[in-house]
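Below is one structure, written out as structure tokens; the observations come after it.
All chains are identified by letter, namely A, B, C, D and E, in their written order; residue positions are counted from 1 within each chain.
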Amino acid sequence: MSAQEKKESLIKIENMSLEYGESINSTLALKNIDLEINKGEFICVLGPSGCGKSSLLKCIAGYVKPTSGRVLMHGEEVDGPDWHRGVVFQSPTLYPWMTVNENVEFGPKMRNLPKAEIKDIREYFLDEVNLSGIGGNYTFELSGGMKQRVAIARVLANYPQVVLMDEPFGALDALTRENMQNLIRNIWEENNTTIFFITHDVDEALLLANRVVVMSSQPGEIIKIFNVDFTNQIFEKGSKEVIYNEDYFEVKNEIMDIIHNQID
Amino acid sequence: SGDQAQNTNSTAESTTDKKSLPAEINFGILRVPNDETIAIAKGYFKKYFGDKGIKVNTIVFDSGAEANQALASGSIDFATMGNTNAITALARELNVELIWIHEVLGENEALAVKNGSGFKTIKDLAGERVAVPFASTAHYILLNVLKEAGIEEEVQLLDMQTAEIVAAWERGDIKAAYTWQPTLAQLLKSGSTLTDSKEMADKGYITANVEVVRKDFAEEYPQLVADFISAMSEAGDIYRNNPERAAEIAGSKLGIEAGVALNQMRGTTWKTRKELLSEDFFGTVDEPGNFAQVMKDTSDFLQAQNSIEESPSREAFNEYVNPEYIKMSLKNDQNN
Amino acid sequence: MALNNNEEDNKVANSAVQTTNQNISRKTPKNKKNKTEKTLTFLTWGFIFFLWYVITKLNIFTPTLLPGPARVWRAFLDILANGYNDVPLWVHLGASFKRLFVALFFAIFTAVPLGLLSGYFDKVEAVIDSVVEFYRPLPPLAYYTLLVLWFGIDDTSKQVLLFLAAFAPIYIACVSAVRKLNQDFVLSAKSLGANQKNVFFKIVLPASLPEIFTGVRTAFGVAYTTLVSAEMVAATSGIGWMVLDASNFLKSEVIFVGIIIMGITGVIIDAVLRFIERRLIFWKGHI
Amino acid sequence: MALNNNEEDNKVANSAVQTTNQNISRKTPKNKKNKTEKTLTFLTWGFIFFLWYVITKLNIFTPTLLPGPARVWRAFLDILANGYNDVPLWVHLGASFKRLFVALFFAIFTAVPLGLLSGYFDKVEAVIDSVVEFYRPLPPLAYYTLLVLWFGIDDTSKQVLLFLAAFAPIYIACVSAVRKLNQDFVLSAKSLGANQKNVFFKIVLPASLPEIFTGVRTAFGVAYTTLVSAEMVAATSGIGWMVLDASNFLKSEVIFVGIIIMGITGVIIDAVLRFIERRLIFWKGHI
Amino acid sequence: MSAQEKKESLIKIENMSLEYGESINSTLALKNIDLEINKGEFICVLGPSGCGKSSLLKCIAGYVKPTSGRVLMHGEEVDGPDWHRGVVFQSPTLYPWMTVNENVEFGPKMRNLPKAEIKDIREYFLDEVNLSGIGGNYTFELSGGMKQRVAIARVLANYPQVVLMDEPFGALDALTRENMQNLIRNIWEENNTTIFFITHDVDEALLLANRVVVMSSQPGEIIKIFNVDFTNQIFEKGSKEVIYNEDYFEVKNEIMDIIHNQID
């Protein structure tokens, strides 16, 4: 819950708004968003359904151009997708005509890295997501959790400066989900990655993030940002149950109240 | 005729009544300037059939092959076709008989070669492509032309309809074709003939457009068949007496110029009933005329070509080429 | 928990696939026909043949209207031995299939790029689509004469006719494939550093392959249906021409032989195409 | 929380639909063509007409090979005023459409029940399917002669030909519709007390309607494509016959008129069918 | 956690096993299941993915015939689906060609009830799920949560003796899910319904059930049955947070451990 000042700024969103469609049929999805993402942060975004979480991510990824305001990365305006900003989608977009290996190698290959390096990277990250050994399989042979792990490995293989994740575990069942949370927490810690993570599960956000951004319902605005460190506590204490304490429920209830007020 | 006695069976009665005359007659016709076209144009069908309360339907076929299909399905009672198609009809056991020869084909069907093609004799066609509508009289004659020249193995025949022959000719895809009028005239604008059906007829390869009728129909209504022949004969008389007038009638019916029609008609020979009853054509029942032999020869040739499975016997052709209705028609006129 | 993944790894291709297939699995038995159904199909054809045999035996119809099985069989053997019109049967089949496959080949190589481009760029579609939509429903025989006028009587016009028949289904399949394309595939590829060209060849093309292949199969079917029309003009070979010529001489048994040959080859070729499809697009249904 | 549902109620048809449509929405603009694309389509046709005009003006081809726009236009006006072969144009169109719609009517009323039954009962499918699969790829012209022999030269044989062309697509669509049917629909209906008959009429039939309708549209397209073939034998009316007759006399301008009329009517009828579809099967895409 | 003895037995599963497929390709989905469902109970079934939870429900619903053993309802063997056993599927199977009203009326109509009664029933249950007023809408115009509520109303409209629910809230987002849990709890209480509820979310099971059945991974066997009364506590105390106590975490941890052991 501290020491944010030292951190190096990576992405800066300045007074950004996003409107879909034109004139009568237009939807104001995002309004006056100001947000700074620092290097090494794990930011979770929470908000009611349809509030514009995905839209925010798309703006950062460069998939959508903001209607006003700008998204800066290292001070330069984001202009289209880029391998420095990796994206993990809710349903994994693995390419079924490629093997797991080929999927993970896709990014490095696109960047024309030397073959040997590509192989090393692939092996390292498949290992990182505990999937070494299934590289020859096709992706449709994998379970949902395994698919999402391959998708994460594929994104990490590019050593992106930030990983954007849009409800990556939303489609997984509760148990697999827990495993995946642990996995991503470990990866974040080990590789010192910067992660921007969308979820609609308050617990997930609190157990992963060191900053939780809560958004209002449409048009999406940032209502409040919470600095939390339960994820560090879990690291330190090695277990999850210990953090279900007063502190935790206090923050959780506050967030829940905010969101409920949004819906009412 | 026992009307009262048969009171209870009134349906049977009415059908017998109807049987004395059919409700309608279906004629399969070709779009050529022949006696039938003139007869229709002059209203002879109305005179001989319509006035008796019979509905007359004329159905145009593009070829005798189509007419045969219609005959086989029982859709039509009379059909005009080339004699080769009439042979197919007999060979395929369609229950029909041949009752009339509309015209003996002559210069109106010919082997045309394109100017500048360098084809001077038939033998020059060796190794070339010649277009002809398959299963037609022209097909039969062309095969014989090539056979006579001894090059039947060396010429590639193309199966094309007349319109396609013109198109291919103009495009230069083909330089020789055996076809009939009015297509022939279009080809001859930039070509000449090497031989025609008249020359071949002189050599014994006679072809003709003939009329066949369903036997069931003819046996039930022989008088109507005779009436048909009378209509043809009357129409033929117009041509014989005044060809220009006949061409005008036929031309306007077909939507072509009288001159074109006349040219086409002149390429053929129209025979009177008496001529047809001579030994050259129908002959008599006891002494069949020569046309049955022509048909038999043609049939044998078609069998050799595998166009028909089995060539019917001479006896079958004698029976097939039936002079009785022409005789009846003549007798009717004498009675009148 | 992250430790026990190896166990899960061994189950690769197990639970996940099965659970997603649950709804489908109910129907899989229908694909693999069981014995009863095979017997029924067999009986159906047996019954058809029996009926055919009995009807012809009863002499209700003349052999021209309905040739008996024996007659058709003899005609088949005769054509097999002596060919038709002095041309061996395999030459007829060869001529037809050459026309078909040349047409199909050109259709694939023009319709696939044009279709993909149309799906990709609205402007390209605006140019091509309405033209395709206009000619597609036209009966081929309506414009065949024009093709003969323009391309002559040789195989070219026949191939153009078959090409036009085959072009539209492939083109439409390609447009729809790109349209249905999961945009996240494209976006994720871009975020992984793929340029426009790579996106097209590594993502759009393979992702569209299943539908393209379905389009090719449809195209083959449509072209096959057009085969007889194509062989109406100036042909003296081809299985379609054989049937037409037989029609001219009322050789019903040859028509039957032609129909049976065409029916069986049609079924065989579709089976071959489906086999290739399964091999080539193994991931179909997993997209 | 259960209290604030009224708020949510007011948003009916709002968020849920939008979110599920998110992936699709990217493509919706393609359906409603924007101005640029409309202009491009317009320009394309303009260019085609211009090219046509210039080529004919240059007299490279004879009018038989390529009649000019003016000539075609005159032919059209002439046919409009005087008919073709003494038969007014609307009678030609009427004759063709009567044949088409009679065939389509019978095809729908036989193929839908048979197809649904085939999809429902494997045994029925075992009987019907292989027969349909056998005749479906056959070129209609191959068996048309047989139809003429059996059904005569009147409209019956033409309608049977078109019927056969239309039957297969509808049948196949129905089988596939039942196959794709979400089994949970059937199960839930049974658990709600529906008997076999109710399941069929209240669930299976409506759930299959979208695909059945697509099948009908395909069937119409296939039958339309077969129209000219159907009017080859012994017709003296029908737009297809008109084109064939014009072909026989190499009246290219009439062929053009026929093609243009057929193209436009084909597009119009498909649009009408699509309009009916949207009205009738409003839930399509939500199944 | 008590007084189960007094309850009337509704459904009895006796030594039931279920095998899918034949010979080599067969899957033993359920093995030796013995379970009794009493009138008025809220049973939740938990278990790892693919353990056979849905299969168990299908056997009870009558969709699938057990390979051995039997399912009895009031002592009679279950033989095919029946309106006495209502089913709510994970993705709502509302009929899109019918309005909300027609969907809810489907069951009563199938049973040929009088028109007036059908209308009363429909109105009552639409009100029960807080959806009165949208009856004229088509189902595809509703949000996921609303759809599932219509599906519940549709099942209840038949007054089934037991409602079988297969992960009914699995596809909903966390907030909607919470609303739905409250809703179903209230309905259960108000109408004295018997509910058999499948979930993979341990919290959901604990917050709803008065008996939690935990199954083993494939082949599915019942490992342990927990009698809990957190759902009653929530009723009594009116709030959810209060029950996050020692007791709760104890049971939860035990269940989690069981399931984790199943996967390991």
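As a convention for this text, a contact is a pair of C-beta atoms (placed from the backbone, for glycine too) under 8 Å apart; a residue touches a chain by one contact, two chains touch by 3 or more.
Quick caveat, the model's predicted, so the values are computed rather than measured.
*Asks:* If you count the C-beta pairs in contact for each pair of chains, which pair comes out on top?
*Replies:* Top of the contact-pair ranking: C-D.
*Asks:* Between copies chain C and chain D, are the contact residues mostly the same numbers or mostly different, with half as the line?
*Replies:* On the two sides of the chain D and chain C interface, the residue numbers are mostly the same, over half being shared.
*Asks:* Quick one: chain C and chain D, Cα centre-to-centre, how many Å?
*Replies:* One centre to the other, that is 19 Å.
*Asks:* Report the inter-centroid distance (CA atoms only) between chain B and chain D in whole Å.
*Replies:* Each chain reduced to its C-alpha mean, chain B and chain D end up 42 Å apart.
*Asks:* Can you work out the whole-Å distance between the CA centroids of chain A and chain C?
*Replies:* Taking the average C-alpha coordinate of chain A and of chain C, the gap between them is 46 Å.
*Asks:* Mind checking the centre-to-centre distance between chain A and chain B? Centres are C-alpha means, answer in whole Å.
*Replies:* 87
*Asks:* What positions in chain C touch 2 or more of the other chains?
*Replies:* 1, 8, 15, 64-65, 145, 149, 182, 184, 247
*Asks:* Hey, what residues on chain B touch two or more of the other chains?
*Replies:* Correct list: 69, 72-73, 161, 163, 167, 171.
*Asks:* Specify, in ascending order, the residues of chain A that touch 2 or more different other chains.
*Replies:* 49, 175, 260, 263
*Asks:* Per the contact definition, I'd like the list of chain A residues that touch chain E in the complex.
*Replies:* 48-49, 173-176, 200-202, 241, 244, 249, 253, 259-260, 263
*Asks:* In their complex, what parts of chain C are in touch with chain B?
*Replies:* Per the touch definition, chain C meets chain B at residues 62-65, 82, 84-86, 145, 148-149, 152-154, 233-236, 241, 245, 247-251.
*Asks:* If we count contacts the way the header does, which residues on chain D are in touch with chain E in the complex?
*Replies:* 1-3, 5-6, 8-9, 11-17, 182, 184-185, 187-195, 198, 202-203, 206-207, 209, 281-283, 286-287
*Asks:* Could you please specify the touching residues of chain E with respect to chain D in the complex?
*Replies:* Chain E reaches chain D through residues 61-63, 80-83, 85-87, 89, 91, 93, 95-97, 106-107, 110-111, 130-131, 133-134, 137-147, 154-155, 158, 178-179, 182-183, 186.
*Asks:* Mind pulling up the chain D residues that touch chain C in the complex?
*Replies:* 23, 26-27, 30, 33-34, 36-38, 40-41, 44-45, 48, 64-66, 122-123, 125-131, 133-143, 145-146, 149-150, 179, 182-184, 221, 224-229, 232, 240, 243-244, 247, 250, 252, 255-256, 258-259, 262-263, 266-267, 270
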